[in-house]
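Both complexes shown next keep chain A, but they swap its partner, so chain B is in the first and chain C is in the second.
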Partner chain A sequence: MKTLGRHHYVGLLYISPWVIGFIALTLIPFISTIAFSFTDYSVLRPPRFVGIKNFVTMFAEDDLFPKSLEVTSIYVLVSVPLKLAFALLVAMILNQKLRGIGTYRTIYYLPSIFGGSVALSILWRMLFMGNGLVNRMLAIFSIQGPEWLGDARFSLLTISLLQVWQFGSAMVLFLAGLKQVPDFLYEAARIDGAGRFRIFMTITFPLITPILFFNLIMQTINAFQTFTAAFVVTSGGPLHSTYLYALLLYDNAFRYFKMGYASALAWFLFVVLLAVTSLVFRSSPYWLHYMESEH
Partner chain B sequence: MKGQRRIVTHVGLILFGIVMVYPLIWLLSSSFKSTLEILSSNSLWPHVFSAEGFAKGWRGEGRPGFGLFVVNSMLLTVPTVLLTVISGVLVGYGFSRFEFPFRKPLFGLMIGTILLPNTVLLIPRYLIFRNIGAIDSYFPFWITAAAGVPFFIFMFAQFFRGIPRSLDESAYMDGCGSFRILVSILVPLLQPAIFSAAIFQFIWTWSDFFQPLIYISSVSKFPVALGLRLSIDSMGIPPWNQIAAMSLVSMLPPIIIFFTAQKYFVEGIVTTGLKG
Partner chain C sequence: MRRTMRTRLSLLLMTATLFLAATMVFAAGSKEAAASMQAQGPETIRLAWWGGDARHKATIDAADAFMKKYPQITVKTEYQGFEGYYDKLITQIAAGTGPDAFQFITAWFGDVRKSPEMFYDLRKLAGLDLSGWNQSTLDTMSLDGKLIGLPQGQNARILVYNKDLADKLGVDVQKYPTWKGFNAAVQAARAKDPSIYGYSGIMDQYYYPLIGYLDQVSGNEFITKDVKFGFSEQQLVDGLTMFHDWFQNGTFEPLDKTVLLKNAWSDPAWLNGNVLFNETPVTQLGQQMKYPFKVGLTRYWVADGAKLTGNPVGPNMMFSVNSQTKHADAVAKLMNFFHSDPAGVKALELQRGVPSNKAAYDILVNANMIDDMTKTAMKIVTDSDTGEYTFLDPNEIRDTMETAIQNVGLKGGTTPEAAAKQFIAAGNRILQNFK
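On to the complex of A and B.
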């Protein structure tokens, strides 16, 4: 560092792509979103200042806004905890000294490599449509399956399941964290006669809270922006039961070309995410543990 | 006793594994069935093997063939991946090996933007690209990659920090310039990170649907994500065998990469810890 340190400004040169990109593609858009949210802007005509009208529309007139907010909240509250619980449970089972861990990890991770792809959404539609595979499988056990995608009571759950199915990345992270827990801690606990549940609550769980914290934040931010599944599988329906926030935003911006209103919606989402993230950060002293001795 | 419990665990893990991949295997088998059989039979093994789904789906019947969408996806994805890696290496190098004013706050700002939801920037970005006439091209994807993707910059910075400084210092003593040090000494050591970044950026860009939906409007420029959606929007009973076959085709590149470069996957997830 000392020797290269003389090259002060060369470093700036190396980071210049990001600096330029940050100003042009992040900073300016970020400020523009705020500015546009106070305008009526349809792309074809220049933006016109309308004060807080967009926010009045949002909170008092647009029925789809509260609906979408409700749907998105339920989606996040169902899919994120379920996904993380699955990821942690499977990681813990895989953390035993078993043969073929690598193979299991590969198989469980497989669905995650497709991310929010259209192909997976199509597959989901084929599996859960009225005469799809899932209902035909249930019929073998003489169970009359519901209209998973056509019934407003089940559609959101079906979409959430697609998210839960992709628990792979979170699992790999948990697994890496579990490997860091030193063996002597488990041995000491076992000698003291602690049961499995006790060991989990007092050793394993506290030591992986940093990873849980990280997973929780990343998954929550992602879940709030889910689009493909709801758009392709159910088109937001039936009865707007899967009308996630990203769909509301897309419709207003790119279907109705209400760029001003859509900017207000985007801005609101940002504030919500900021609040949720800082809530997680704020609460972390109460449950987040760091290993005291670094080795 | 212990052996028995071990067997129970294995059986459980295998059953769970079957449930996890069953949908994918079913998709594979459906691509070789007729639409009628997909909708009526529970058997995983097709009664009659038929390549009709692939043949008709690939040709496209009345709309551009699927081959075009695959080529388009490549044109969109490959430069995006290359530019992401190049910008990531350069910026990561700058942040991790040099001292300059505001280095720390700038790095913090860069990390902060990882948490910034893309949705917030979407509309102004669209308007900017629209104003410079870059809509309905892959330019928005390339330029965003060339400007450095914070997630990957962070990943490269982490890797650079793991390489001992004494290496570049001795080269510097020998009179090497900073760019030559990067290219001839550090980049070879950085290979695992470069692979990880390339792989992740490839499968994310390949599968991305939202951004192409916004930026690409002519069918002749559609990547696979948009091409696939076109196929399920057709009237009447959708030709599920073609749809299944083409979904499978669109999933092949990620699958092939995943199985050939597995160790980079795990390494990539663990060192950066991000995404999912």
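On to the complex of A and C.
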């Protein structure tokens, strides 16, 4: 039987802090929540087994469950495509050979550094309040802006814009992908008389589909789990118009002390993300092109 | 040979790192072991509360005065705003890292009534002086016969009005003590100046008046001791209809302008003097003295056919002690200091209301520290036929009621009948968890 060499043991030793942390802080909670999802658990008392009651509540009794699912789905369907479109557009602009291009790339990437920070969400709130900067600027042009955050017709769009604004990380990946497209393909196309749109659709876009595939999956997963923006900016309101799924989970776990139910909600989200990701993977043969397979 | 040396060096470094990490983890335990060995030496107790800046300063001053008197005890203060305090406290206590003493309110009894073991039975806390409270007041802070909190100040909610605006509009607020009378007065005022609103507030400040209305018309607490709603669906429909109509006609400021405000007194319309009424708990009256206009006080409006003419009055705030505390003696000394030592009582001022403890009350009266506004407020609220605080006030019920209010106050909502039906259905389901 082949035994591990000494250098293997050293390797294992080096990764042991991460392995211990993963087991203690990720794997054990991951498995525990499966068990908790079948219990009534308020953290103040030991868990009590209730079978599938939490899942029955989710699908048959809790009005906020379908509502938050609807809101989250709209949020994902609006913010992810918009974010990817902006990211690709800006990446194409930044792919030019211009003076100071490094500075422009930094400026466009800056919003992404703030991530889901509370400070950014507070700033967004101040911008879009009834008497915030956005409405004051609109007033200069004699336009009376709506209550962006207090009106259920606009609040979700306002939150979505915050997600779209942070396109920097997706943009950087698109930029890297654009740089991989060989120049000779563009030259050949131009010689053949192809216009910009034709070049984009037949050369650029197909060859960056691997990056698009990665960005689509990662941004979709992130969007489904968005919490800070909705919590800080609108607290899920008004009229639950921005009540994203992560907020429903948070309220049940930490404000209503229904950890069992919150665990069931978490597992449902996991299944949804698994399904969405599988769908993207299954569809990929129809639109994903790897350059190596072409040559 | 070189490879073996490098491998040995790597092993040595890795083992040293792991040893260091393990030492740091176990050092915390050792600190506790060392501390327990110094039973008679310096000890640290943790005190947590929520409030505004004024309450923070007063409580910190009181803690400093305590440490001066008892230099061997350190009080580590942990304070924040109301939002998130309860969630954090319960999570800490469940994890075994809760503070030794903490501020609490009776409205959270619903969540903890099945877990009274998290509280220290204060009747069994050696050295604690309970003589300043009467038995009935202590009973309000008991769960299953266990005294779980020391009652703080008398509290009630009261209406605050912009006196300068009322004088300018010629509105005599005392002449309109009923809800309908208030509406008529505001409409008359708006006929002269359409930019005026009668009332504005954050969601809390619509929630409390609505449940106050329901208490008045039903004669019961919002949620009774047998864990049922004390009002009927029709009474809720009537209340929500009134709110719906007043959001439409300007008696209430349009809800889309205030629905997301977090701070009760940050509404621009109120600060600019365009709103006649606001409301506040008596314990936060200090905030009302900071406006650029004069304020007056009056009691909540009375509903037609009301069985009660006022709103609940009584201590609903308490200091509780964590059953897991290892410093029971020190905590008892701290509580005695806050409630019967002149230095402690004076430092705390009225930041938790007019004290329900007689010794503390006498100290403040003798020091002329109960201001006229607070005396006026307490006289107003106690002169009416008041009810009891709701037995339960869980977050989930509060959120559901606030949704009902938003449904009748915002575009895209529902009718008062539909909103009431939704609330009753969801509310009854939620109350099942507390039975």
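In this section, the second predicted complex is superposed on the first by the 286 of 295 C-alpha atoms of A that agree within 3 Å, B and C clash if a C-alpha of one lies under 4 Å from a C-alpha of the other, contacts with A are read in each partner's own complex, and residues count from 1 in each chain.
The rule is simple: a residue touches a chain if its C-beta (ideal position, glycine included) is under 8 Å from a C-beta of that chain, and two chains touch if they have at least 3 such contacts.
Just so it is clear, the model here is predicted, and its values are computed rather than measured.
S.K.: Should A:V78 be classified as contacting the first partner (chain B), the second (chain C), both, or neither?
M.R.: neither
S.K.: Under the stated touch criterion, which partner chain does A:F254 make contact with: chain B (first), chain C (second), both, or neither?
M.R.: Both partners, chain B and chain C.
S.K.: Is A:L178 in contact with chain B, with chain C, with both, or with neither (first, second, both, neither)?
M.R.: neither
S.K.: Of the partners chain B and chain C, which touch A:M58 in the superposed model: first, second, both, neither?
M.R.: Neither: A:M58 stays clear of chain B and chain C.
S.K.: With the two structures laid over each other on chain A, which partner does A:L239 touch: chain B (first), chain C (second), both, or neither?
M.R.: In the superposition, A:L239 touches chain C alone.
S.K.: For A:N131 in the superposed arrangement: first (chain B), second (chain C), both or neither?
M.R.: Touch partners of A:N131: chain B and chain C.
S.K.: Applying the touch criterion given at the start, work out whether A:Q219 contacts chain B, chain C, both or neither, answering first, second, both or neither.
M.R.: Only chain B; A:Q219 stays clear of chain C.
S.K.: A:L88 contacts which: chain B (first), chain C (second), both, neither?
M.R.: Neither chain B nor chain C is touched by A:L88.
S.K.: Between chain B (first) and chain C (second), which, if any, makes contact with A:V10: first, second, both or neither?
M.R.: both
S.K.: Would you mind checking which one, chain B or chain C, touches more residues on chain A?
M.R.: Touched residues of chain A are more numerous for B.
S.K.: In the superposed view, which residues of chain A touch chain B and also chain C?
M.R.: The overlap between the chain B and chain C interfaces on chain A comprises residues 7, 10, 13-14, 17, 43, 125, 131, 254.
S.K.: Residue numbers of chain A touching chain C in their complex, please.
M.R.: Chain A reaches chain C through residues 6-7, 10, 13-14, 16-17, 42-45, 61, 63, 125, 129-131, 147, 149-153, 234-235, 237-241, 251, 254-258.
S.K.: Which residues, counting only chain A, touch chain B once they are in their complex?
M.R.: These residues of chain A touch chain B: 1, 3-5, 7-15, 17-22, 24-26, 28-30, 32-33, 36, 43, 90, 93-94, 96, 98, 100, 104-119, 122-123, 125-127, 131, 133, 136-137, 140, 165-166, 168-170, 172-173, 176, 211, 214-215, 217-219, 221-222, 224-225, 227-228, 231-232, 246, 249-250, 253-254, 259, 262-263, 266-267, 269-270, 273, 277.
S.K.: In their complex, what parts of chain B are in touch with chain A?
M.R.: Touching chain A: residues 6, 9-10, 12-13, 16-17, 20-21, 23-24, 26-27, 30, 38-39, 42, 87, 90-91, 93-95, 97-101, 103, 106, 109-110, 113, 115-128, 130, 143-144, 146-148, 150, 153, 165, 168-169, 172-173, 178, 203-204, 206-210, 213-214, 224-226, 228-229, 232, 240, 243-244, 247-248, 250-251, 254-255, 258, 262, 265-266, 269-270, 273-276 of chain B.
S.K.: Note which residues of chain C are touching chain A in the complex, please.
M.R.: Contacts found on chain C: 7, 10-11, 14-15, 18, 21, 87, 90-91, 93-94, 111-112, 114-115, 118, 255-260, 268, 394-396, 399, 403, 406-407, 410-413, 422, 426, 429, 433.
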